[in-house]
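I've put the structures underneath this note.
Both complexes shown next keep subunit A, but they swap its partner, so subunit B is in the first and subunit C is in the second.
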Partner chain A sequence: MSDYHFHWAMALRDLPALLQGSLVTLQLTILSMVIGVAVSVPLAVMRWQGSGIWSAVAGGWVDIARNTPVLLQVYAVYFGLGAYGLNVSSYMATLLAISFNNIGYLIEVFRGGLASVPRYQYISGRALGMSATQAYAWIVWPQLLRIVFYSVMTQMVWAMLNTSLGLLIGLRELAGAAQQAQSVNYRTLETFTMAAVLYYLMAKLLILGAERLYTRLYGRR
Partner chain B sequence: MIEIRNVRKSFGETTILDGISLDVHQGELLCLIGGSGSGKSTLLQCINGLEPIQGGEIHVDGVDIRSKSVSINHLRRKIGMVFQQYEAFPHLTALENVALAPRVVARVPRRQALEDAHRHLAHVGLGDKAASYPRNLSGGQQQRLAIARALAMEPRYMLFDEVTSALDPELVAEVLDTMRTLKREGMTMVVVTHDMDFVRESADRVAFLSKGTICEIGSVQQVMLDPQTDIVRKFLSRRSSS
Partner chain C sequence: MHYTAAWQQLHWSDATYVLMASVRTLQLSFTAVLLGTLLGIPLGLARALSPVMRVLTAPLVDVVRSVPMIIQLIIFDTCLSISGWPLSAFQLGTLALGAWMAMVTAEIVRGAYEAVTPSLRRAARSLGMSSWQELRVVSLPLTLRGGFPAWVGAALCLVKDSALVGIFGYIELTKAGQILNARTHRTFLVLGGIGATYFFICHVITFCTRRIERRMAE
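Up next is the complex of A and B:
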C-alpha cells in the first residue's frame, strides 16, 4: 500500500484559484478555435482548389503544425518572437501557438469536408445563376459543416487540453494555477487530481454542448 | 436564340470541340446525339459558361456569354440546366430546393418564392412531395425536382445533359414525360441523350456529333431515317439493334 495520505481539505482551499484558471483555459480554447476556424477555412478552400501561393502556404502550415510537438510550437512563439524583439505575454503566446496548431489540423478537416461534398452540388448552384460565394454559402457549407462537425469538436477538446502547455511559460491557466497552488500547499497529488477532474468536466461539457447543438441543427445522428 | 459559332474547346492537349457552329431557335427541341467523348455534354456546358471556350463565340439572345459587361451569373438565369447526376440539395426539402435560387439569386421574397416553388413542384408532378428530403425521393423524382428547380428561375432555355442515363429503366418514363410537357408548353430545349426513341418522337431537330464536330444536322427524318454519312449510319444501326 501507498504511504501517501490524502488531505483533501487543504487542497480544496485552492479550488477557487483552480476555477479561476479554468476560466482562462476556456477562454483560450474558444478564442483559439475562433481564430483556427477563421484562418483555416479560406486556406482549406485554397488548398482544395490546389494551386497558387496560398495553397502552398496551407500545405506547409499543415505539415509543420501536425509534425512538431505542440510544446515546441508554444516555445517557438514565446521565445522565438522574443528573440526578434517581439515580446508577447505568456497568455498571447499560448493563444497564438494553440491557434497555429488548430489551423494546421482544421485545414485538413475542412479540406476533407470539401472533398466529400459532390462537385455537382456546387456546379448545380452555379448553373442556377449563383455566384461562387453564394454556391458555397448556401449549398456546399451547410452540407460540409454537418460532415466536419465532430472532427471540429474533437479538435476543440484537443485544443483545450493543449492549453495546459501554457504552464511551462508561466501562464496561470488551469494547469498553471494547479502548479502554483501545490507549490504552496504541498498537496501535489490532490491539487493535480482536482485539475484533472476539472479538465475532464470541461471536456464533457464541451462535448455535451456540441451534441445538443448538432441535434438542434441536424436532428439525431 | 442561341448562336454558336466555330466554338473550340480543349482540355490541355485534347481537343473536345473542334469548330462547332449551331443555332438553337426559339421554341424548338434540339437533340444532340453521338458516341461518348463526342463532345456533346461539353458543348452543353459551354453554352451556359460552366466550361470556358478557347475559340469562337456563343451568343444567347444576342449577348456574348464572354462579354465583360454582362455577368455570366445573370445570363445563367435564362438558361436552366439539368445534369445526369442527381444533384438535389440533400440538406433542403424539395420545396426549399426549388425556392433557394429564386431567393438567393433573384431576391424574390421568401413567401413568394415558396408559393412559386409549390407551383413548380406541382408542374413536374411532385405537388405532394414538398416537405420531403431528397433522400426519401426516387431517382426519377429527384430528376423531376431538378427540373422544377431549374424552372423556378423562369428560364428561356433548358439544357438537359443525359438526364435519364443514371436512372433505373422503370423511372425513365416519368422524367421524359415531364420533358414532353415542357416542349408542349413551348420551352426551348437542348437535350443530350442516348434515348433514340425519345429523339425520334420528340426532337424538332437532331445534331450528330463526332470527335468535336457536327457530322450531320437536320430534322429527325433527315438524320435518323436518311443519314448521309457512314458514321451516323453505323451509330444508329448499333443503337437500334441493342
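Up next is the complex of A and C:
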C-alpha cells in the first residue's frame, strides 16, 4: 500500500451522484419493506392457522426465499422474467427480488410473533362478538407489532444491504452509482469507501429512526 | 453460407459441471467458515472478557454488519491489488467471507458466553478451579453449545453469500448457472436448477447440524 496515493478530491466530486444513488437505495428499501409486510402478514396468518393451500404457499415461499442466495433471486427475476418476454427494468427487478426475499423472512418473523401472542386473546375477542378480522386487527395485531418490531427493523437493514445487488443488473442505486463513478474517475478504492460510509450511515439512520419510533409508540425498552 | 446459432441445448454433461461448481461453492464456504470460526471464537471470548477489547473491536463488528457484502468484497479486492499481492479469487473470497464470519462468530460467542449462568461460574471457582480452568472446562463448552444453532445460521448465510464471489471470477454455483444460461438460453430451467442445488445443500447442512445439536443436548 506504500506507493498508493489517495485522491479524495477526485472521488469527492462524485459525491452528489452517490447521494442520489442513496436516495434510490432508501426508496427501494422502504418500498420493498412495504410490499414485504403487506404480503407476508396475511400469509403468516394463514400459515399460523395451519392447513390449506395458502399455508402451503407460505411454507414454500419461506423455504425458497431463505435457502437460495439473494443474488440468484435477483438474476431469476431479471433474466428469468426476461426469458418469458416480460422485460422488467432493473429497478423493478431489484424491487421484486428484494420484496420476494423480504416476504420469505417476514413470514417467519410474523409467525413467530403470532405464536407468542397467547391464543386466548384471539378467542376472547371472538367470544366478545368480534369477527376474525376484527379480533386480529384490534387485539392480536397491536401486541404482535411490539414483539416483532425489532426483527422487522433488522430485516429492513438487511433489505437495504441487499438492494446493493442492483449493481449487478445495471441499477444506479448507491453501489451502482459508485460503480459508474469509479469507471469514470478511476478512483475505485476512494469511491467504494465513500459508498461503504454512506451505507453505514444509512444503516445507522434506519436503526436510530426505528428506535425513536419504538420509544414514541411503546416507551423505553 | 449456412449459419447455425452458437447456443446448444442442455446436455447431461452439464450436470457434472454443476456438480463440480457446487463442490467449489462448498470448498469456498468451508474454508471461509473454518477461518472465520478459528478467528471468531478467541475474538468473541476476548470481547466478552475484556471491556477494552469490546470497545476496540466494536467498530469492526458494526461496520462488517452494516456494509453490503458486495462492497466489502470490492474494497478487499481493490486493497489487495493496490498492495501488490496477487491473490486468486478463491483466496479473496476466503479472506472477505472469513472476515465476515469471524465478526459474526465473535458476536455469537460473546452472546452465548454472557448467557452462561454466573452462579455456575462462581461454583466452578469455589471448587478451586483457576479462572483458566473454569473457562476451559465450564464456560467454553457451554458457550459453544449455546452458540451452535446461531453459528449454523451464520454458516448457511455464508454459503448463500459465497454466490457473490462468482463476480470476481471464482466459478461457483451461481456463476456456473450464468455461464450455462448464456450458452443454452434456458433461463428458468438453469436458474431453477441452481436454486434447487442451493436448497439441497442448505437442507443437508441443516439436517446434519440438527443431529449434532441433538447429540450435544444429551
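We take it that the second predicted complex is superposed on the first by the 219 of 221 C-alpha atoms of A that agree within 3 Å, B and C clash if a C-alpha of one lies under 4 Å from a C-alpha of the other, contacts with A are read in each partner's own complex, and residues count from 1 in each chain.
Operating definition for what follows: a contact is a pair of C-beta atoms (placed from the backbone, for glycine too) under 8 Å apart; a residue touches a chain by one contact, two chains touch by 3 or more.
These numbers were taken from a predicted model, which means no experiment stands behind them.
**Q** Which touches a greater number of subunit A residues, subunit B or subunit C?
**A** C
**Q** So, does A:I98 touch the first partner subunit B, the second partner subunit C, both, or neither?
**A** neither
**Q** Figure out whether A:A76 sits in contact with subunit B (first) or subunit C (second), or with both, or with neither.
**A** second
**Q** So, does A:A195 touch the first partner subunit B, the second partner subunit C, both, or neither?
**A** So A:A195 only meets subunit C here.
**Q** Mind working out whether A:A65 is in touch with subunit B, subunit C, both or neither, as first, second, both or neither?
**A** Neither subunit B nor subunit C is touched by A:A65.
**Q** Give the list of subunit A residues in touch with subunit B in this complex.
**A** 118, 120-121, 123-131, 134, 138-139, 142-143, 146
**Q** Taking the touch rule as given, give the residues of subunit B at its contact with subunit A in the complex, in rising order.
**A** 48, 50, 73-74, 76-77, 79-81, 83, 85, 87, 89-91, 100-101, 104-106, 146, 149-150, 153
**Q** Which part of subunit A faces subunit C closely enough to touch in the complex?
**A** Counting only subunit A, the residues touching subunit C are 1, 4, 63-64, 67-72, 75-76, 79-80, 82-84, 157, 161-162, 164-165, 167-168, 175, 178, 188-189, 192-193, 195-196, 199-200, 203-204.
**Q** Can you check the complex and tell me which residues of subunit C touch subunit A?
**A** Touching subunit A from subunit C are residues 62-63, 65-72, 74-75, 78-79, 82-83, 156, 160-164, 166-167, 174, 177-178, 181, 185, 187-188, 191-192, 194-195, 198-199, 202-203.
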